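Several structures are given next for inspection.
Across the two complexes that follow, subunit A remains constant while its partner is subunit B and subsequently subunit C.
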Partner chain A sequence: MRLIGICFCVLIAINLEAQERVKKVEFYGIAKTNVLHQSYDVEGDTTNISKANYGHSLIDLGILLRPTTSTEVAVELRIRNELGGFWGSSVTYGIRRLTLKGVVNDAIRYKIGDLDLEMTPYTLYNSGYQDLVNEATVFQMAREIIDYEYYFTGNAWRQQGIQSDFGFELNNNTFKSLDVNVFSTRNRTPDFNSASPERLFTGGQLALNTTYGQLKFHSANLHDLKNTVNDIMLYQNSVNSLSARVQLPDIPKFTLDYEGGISKANYDDLVADEQITINDYYWNLGLSYASSDKLKIRINAINTGPQFRSPAAQTVRLGYSSSSNIFPTIGNDLSIRKMGLLDYLYNDVKYNRTFDDRLDLYNPAFSNVLPYGLATPNRKGFSLSLEEYKIEDKLELSSHVHVVSEIVGSGTTNLKSFFKATAKANYHYKKWSVNAGLTHESTTRDGDSFEAIDLSIMLFDFGLDFNISENIALLLGSKYHTANGNELVAIYDNYNNPLLFEPVSFNDNKQMLNSLGFMVEFNERSTLTASASTFSQVDERDYKLNQFQILYRLNF
Partner chain B sequence: MRNIIYIFIAVVFLSCNREKPDFLGGSLNDQFGELLVLDSLTSSTSDFNFSIVSPRFFEAQWSKNLNWQLDVVGVQSGATKSFTGFSSKLDIDNTSWNGSANDFPSFLTESCVATLVLSDNINTITMSTVVSITELKPLQDNLMLVADFEEGMPVNTIKFVQQGESMTFNIESGQAANGTSYYAMGGIVNWDYYLGSIKVPVETEEYINVSPLLLYFNMALIGGVLGEVPANQFMKIYLREDDGERYSYEINPVNWDTWRLVSIPYSEFVLESDPANNTKDPGTINQIEIMSLSCPSGPGTIVGGGTACPENMGLQVKTDIDFIAFSTNESYQP
Partner chain C sequence: MLKKTALLFSVLLFSTAVYSQTFVESKPDVFKKLSISGSYRFFLQHRQFINPYINGLNSLDTNRLVKKSILIGDATQLPELTLYISANPGKNVSFGTDLTFWNQQTGQFDYFRGMNLGVNLYGSFKTPIGNYNIKTGGIHWLRLSRFTMKAAEGFNRYTLFDRNPWDPQYAKFSQRYSDYYARGSVQQDVRWGNKAFQGFALDGGELPYGLNFTFLYGKAESSGTQLNPIDNNTYQQSPQFLNTQFYSSLLPSYILGGRLIKALDKGDISFNTISGYAYLDSTGTDMNNYELHSLDYLYKSKNLVFVGELGLSKFNDLDYDIALATKFKTTKELTYLPLDVEYFYIGKNVYNNSSEILNTSIEDSQPTDPTQGGVLSQNGSAMMGVGSLANNRTGLSINTEFKIKKLKVNFGQTVSKELERITSKLTYGRKVNSLTFSEFYRWEYPSLVGPYSRISKVFRGIYETVELDNVRQGQIIEDKFFNSVELQAKYEYRFKKNNSYCFYLASFNSAQPKFSPFVVLNEEAYIRHYVHEFENYLSMNSRTILTTYLGVERVIGNYQTDINDLTFMPRFQTTLGLGLGVDYSLSKNTALYLRHRYFSFEDRNFVLDNNNGHETTLEIKVTF
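Coming up: the complex of A and B.
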């Protein structure tokens, strides 16, 4: 209540001030109500609870304060109430964002507080979801809630710290200008109980703009700060890379791009008085062809070393092997329920808000070719992309193919071969809009029975939107996922080296999620969506989930 | 412009050099491969003559790296020599044997059974072979054997035995730590801690320049089965120097029932007499005294003070010894 009171006084004061000076204060916000009902259906299960209702309402109030022409403070305050939290019993308050930004002498921009940072897929990059190809609108709306709650903006990681950027004009015909962007953030607070020191993430980019193209230096450094606890181990990881993009003068439709860099992970064991250093490098050379705005093709050769370590690019966004508290067990023997497509979209599975020094566990049923995106260590090969192909502004097609293999075998001298093909299509015609996507991955390795691998996975997305009227739309969405075969997943040691291999197998596993919804657009700022979904999983333990969701959103 | 492109390509391909291991992580063959014996267990020779310098080892080969154990057990002495390792074969590098045992008892000239146990998560394979020891290993360099009781007591040994019940302070034959004879010390004395002792004269001039840190007193020692002997029986060892200083070391308790090597650096002995030069001089030791002691059960007054241990009532002390020797630089290898 005290926080509400303070906010109220601040708002009145700010409003009075705002009446005097226009645009010194701005308000924005979002109000949201999300209500879910799920029911669980397993034949013969008399032990587990079969229904769950949950949800929340929240208001995020954003305030932009501009005390001077060169300074801006952005604050987002949150009030959230869980479904069923009567009389304020489940109300939580908080500050979602606090950022100060400004310009010094009209030359140097700075930002302090919450920052969304992104560089290249090898240095600082929040790789996307693995359970979508080209998702239906009804699922995108659920996905936006996750992105908003976990601060997933594009491929950026939300960090707290300071950032500054500035540039120089070079007065040279060839070398036009130099742009500098640096940041330093607090990645981890010290923990005295586990002797984990404070950890900072610092880095930046230096971009040289030339008449031929741009040459960029990127640096990402995750490092412990000494003497913030009784230090036992100090960790440091740095990734430094160079990237360039050049349009070939003789053949102007072709563009050459390159990124290459080195990583160095250093573990300083202060108790044993020994240091372990792990070095490796990567490169990515691409050639793209754009005949017009309607066709873009690209081919890339990739090589990412087995010891390449880049925590800010190798952390998975969603733990596809994690569990939810919604129907956590299955059957009368209370086995752990395997999560599925519905859980990843609607339930409380594990999302990584930030990155750390450990390679995350990944689920080969969802991504085995590049589980850590392009920064996945121990991969070499090439990719071919039809980045964009438009037909009469109605049909958009794109596809990507990766043909890669390991550089060094895992537990054997035989190498795994990977193949990944993705195709997406969007079609718009009058009131209809259809989108579809398909990803197929296969992993193979020859050899003795204990080392042979043959895994194939497929994910299909389909969506259909039909605008019944100007304000009402019918939304249909479908997801289908299959996994069949076996894999040996590495268990990593403290230095992210594979230690042992855990066999996993998928016996023609299938998942399907279907949703049907209505979206009512009251005005351009508020929408109400109601959807009904069914989910079925065919695995060691088959089950079905049904869901009904009401989602109300108001932007102001 | 072309130059820039060439630099690009050069950067890419000049950087294509990295040191690669055979594979990452533990071997899948070791983790999941089938355990098969490729070559059975054999010895490099059937007769092991340890008196001559010659390689003596065991050989075998199997299909995967795993933790293995090879035990060589003397049929007559019960002596054991163990080899362990993590590999896929036995060879001269990991099973080379000089005739020593893990601990007392030592090997005799006898037949030995060597048993190799290979075990992964699924299977356990056991293989055996027999070898004969035709000659024992020579004693270590700089070893001074004080008493092994094979040919009686050392000359001028002084024996003291208290009045008690079933007092045994004699040379016995049988399962000795080394050879076939040992010295038994035991009995029941319910009124005093002290059951008896032997004092053996020694001459250690050869150790005059040896540091007390590097002179080891070695002895084989065995107690008895707990419940049949007092749990708190113990031994005390005095080393006397010719200047009258007496240094002691207490082995407390002696509660094991198989022969063990007790090897104590002279530097760990403590002065128990009035000091003379208050310096441990390894070259001036002239007597070893080994005392058998135990808490008396009572009833009645305990000589020398202290409280009785009624729980020892009827339990016969057993503190048998064998192979008393000095060694330098390292403990004796049984």
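Coming up: the complex of A and C.
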């Protein structure tokens, strides 16, 4: 202990000496006005309120405070007022972010407070949205709002804790350097009423950079702290993996990459004095080929064990069990209205801000092949990707195909077979830009009627932008989604084991969202968009929604 | 084990070249210029009743206000600290907001936080067919035309003693009073004559054919939203909803409006429109839907100005009705005395609470609480000042002014009549001590309160409702005619080489069942309402101004108005206000304002409606 203390004091002393007392304040942020006007149309519905009008304006004022050249405090203050809140009513002041970061001795970077963390798709990864494939600009505008509000930066999860990274020069021709990145965050606080202990999420990466490529060790651990409540159950989940990326010297156009690891979930029942442990492994081996900047192809073999549990990578963004706060019920019997494409983009559905130890409910109508991304348990097979193909800098194509199956049967000995194909195209010509994307998924399982599964889903995205002038554009967007067939969706118990399989069926369900927008670009970072949208859903209860939105975003 | 690990770590760290990694996220683009201005205002008020006000009756007992009251921090949207934050991140975009902080210094350290104007965003862009400006968020202070969206400006006849004494605060301390003497008004901020608006506004200028336009989509004051109370300390812990977190009702309540202006050589002509939609209940079944479309014109020649507006309006299922206000103004070269003569006709179905037109004829079920979308305005058949407009009314206004050396006099008269007999109620606003009286109900806007349930509060004022005995067999048997005369005199004089000012303002009003070319001064009038207010602002030196005020108000009702059960007599009210104060400049941009007022109200025939006392306010204002 004493040694650690001495090391710490030395570091601090060096750091203090090196710091230069320069005060500096800078600002950044975003200002936004979002006004929505919606109406809802259901034949024969005389009970539900059919119109909604709401909105707000806000300023997120980011302040960067630099007391020294090696220390920075970032704080984002939010000032918001609701549309229609006159004379100071419904004004909120909030804090969106508070982070301290700095460098010790110009060598060790640290960061405390709000962190955005991301590792690999199997260890720590916020998988993307399931309701888009190559979205139109008019929808991207709304999507960026969701990303911003829920801190979805790429595939990172916003966490609160401490992070540090540093590296070592190894002075070796083969082994060049070693990078270290460690973090520890607080996943939840103790709750005495439910005897939920304090839970931390800790981990990091160790990367060895060699002349052949990079070898990385990843570790992600979600674990309870003992004695923070009157403990009944203690949980711990560890995922440890190795990944490597090697570019072969003789054939530089080919790159091999690999990631493999193990997970261990441990439930320590202190009352019954028993432990339940779930172990499994995964691996992913890929070979990619890049002939030039215009063509990249990749093939991967995938195997993710059925008991593989990685909470930080297996949480879906959208809480499918939540319902929209807008037009929540449908029909005179006040049934819960099923959400659709428009709700996911504009309405107040629940997006998960962080992860927990439970495997989330997912919607098989949108993603059944890999609902938890690559970390989806119980999958083996391969994928083939045309990652990028450019023709004369006007046309960009990409596609991905997954052919996978279950490793063990779910509730039966027969295995499900999955197929997923995605294609994207972007075309630019003079004042026109077109983007389109198509995803098709199918799930099949043979057998008796109680186990047979045949599900087919499709999502189509289309966008057309026409630049009327340098700073004014007309935007057209369309989304079309179909689902037909049946599936048995696993409901998990407290130990994340399948408890039962709930039958869900889709009888040629269809959703369509069309939007026409007018965008003014004041500068690169500030736009005003006015858009009119129509949405229709053909399901057990058909309905239509119409929407008009004004969105002004000003980044500074 | 731990020691070994630490040792290994230290050795590794210091024996090998250490370098730092870069963090995942990119550094935000930063913006260094942020403009912050604002003001600090300390407000202390002490009120001491001699005879406390009776605010209600409890069986045979009377509820009186407490004798002594101390208030720190104002209750009328004037916070202790106001910060205006704005920036122009690009040449064509900008944003601004205000932050307000205040506390009542209760010893509990409760600091209230809020905004007056909200978050405002601006942008502009140019096209080959015009230049455009947008405003979003809000509150923005905007106007279209008198009938569509505008606040009444009147003829700038008011007293300065009651207004915020620091509004505005000039470097030259006496300029506030010299401006009022010279121009008839003190410098007004953006709110003057404009209406509060939230939402989206688009202005187009330099369009083909000399056209300009304004388009509005959003919320006027009359279409406010029902919102939940928010605890700023805990709201971030509640389930987060992006858009609807704070709404108690999502039902639409909004206005759509616009103005298309064609500039002419000697004026302009414009088409204006506004439509309002507001649900009144939580189930979305009752709705107010009103519209007003108008043409307004302005023609200017050397000695003559023609200006006016003609509109059509309707409310819910009522028929369309006409609104007309047309006036001409002459110069003294043409008519010896400059004249401002206006004829107006506002049909009973004309409705628009965002306009200058006061609604006196349509039951709109608006709540009285402004935070719930209510509009604080006088309703019933209102006795109003010269030049004010109300629906269900037609009339003529004449104004003129002249100057004799240092004495400036202006005079105005309005004669008007209700078009249809709709209500047997009559309302009039109290003038003297009105602000003092309104603060008897400091944190609320109640209607029909007081010992005789006839007082209603509006923003910084009160009005009284009179029940008329003019209904026979279910029919109102008499018309209502209104007369209003206002006279103002302003005089500048020197005291110790400093300019000092004396102002006098009088108004005489009557409402009666028959036409009269002048104010009715006898029992024929339902209500006679006379007001005299004298003010003097004596500049003792460049830093000190001594202020004095005397106001007398009398309201007399006839026997067709409310009769007291005990005295069997109608209203006979006398209000007296006596004021003394000092404006003292502490330093540049910092001043102290002390005001003391003796207030007295007596209705000799309604014995419970009597109160008097003293009120002292101390304000320190710092602008930066």
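Just so it is clear, the second predicted complex is superposed on the first by the 528 of 556 C-alpha atoms of A that agree within 3 Å, B and C clash if a C-alpha of one lies under 4 Å from a C-alpha of the other, contacts with A are read in each partner's own complex, and residues count from 1 in each chain.
Criterion: a contact is a pair of C-beta atoms (placed from the backbone, for glycine too) under 8 Å apart; a residue touches a chain by one contact, two chains touch by 3 or more.
Bear in mind the structure is a predicted one, so any value in this text is a computation, not a measurement.
Asks: What's your read, subunit B or subunit C touching more residues of subunit A?
Replies: Here the partner covering more residues of subunit A is C.
Asks: Have a look at where A:425 lands relative to subunit B and subunit C in the superposition and call it first, second, both or neither.
Replies: neither
Asks: After the superposition on A, what does A:452 contact: first (subunit B), second (subunit C), both or neither?
Replies: Neither partner.
Asks: Thinking of the overlay built on chain A, is A:503 touched by subunit B (first), by subunit C (second), by both, or by neither?
Replies: In the superposition, A:503 contacts subunit B only.
Asks: After lining up the shared chain so the two structures overlap, which partner does A:299 touch, if you call subunit B first and subunit C second: first, second, both or neither?
Replies: neither
Asks: Is A:526 in contact with subunit B, with subunit C, with both, or with neither (first, second, both, neither)?
Replies: Touch status of A:526: second partner only.
Asks: Between subunit B (first) and subunit C (second), which does A:64 come into contact with in this model arrangement: first, second, both, or neither?
Replies: A:64: touches subunit C, not subunit B.
Asks: Determine where on subunit A the residues touched by subunit B overlap those touched by subunit C, and list them.
Replies: none
Asks: Sort out for me which residues of subunit B touch subunit A in the complex.
Replies: 1, 4-5, 8-9, 11-12, 15-16, 18, 20-29, 31-34
Asks: Under the stated contact criterion, what part of subunit A meets subunit C in this complex?
Replies: Residues in contact with subunit C: 1, 3-4, 7, 26-29, 31-37, 49-59, 61-62, 64, 79-95, 101, 103, 105-109, 111, 116-118, 145-146, 149, 153, 156, 163, 165-171, 177, 179-181, 325-326, 346-348, 350, 353, 469, 471-472, 520, 522-523, 525-526, 528, 550, 552, 554-556.
Asks: Can you list the subunit C residues touching subunit A in their complex?
Replies: Subunit C reaches subunit A through residues 2-3, 6-7, 9-10, 12-13, 16-25, 28-32, 34, 77, 85, 87, 89-90, 92-93, 95, 97, 99-100, 113-116, 118-121, 123-125, 127-128, 132, 134, 136-139, 196, 198-200, 217-219, 221, 223-225, 227-228, 230, 232, 235-236, 239-247, 250-254, 283-284, 370-371, 373.
Asks: Across the complex, what residues on subunit A touch subunit B?
Replies: 212, 242, 244, 246, 248-249, 256, 258, 260, 280-281, 283, 285, 303, 305-306, 378, 407-413, 448, 450-451, 488, 490, 497-501, 503
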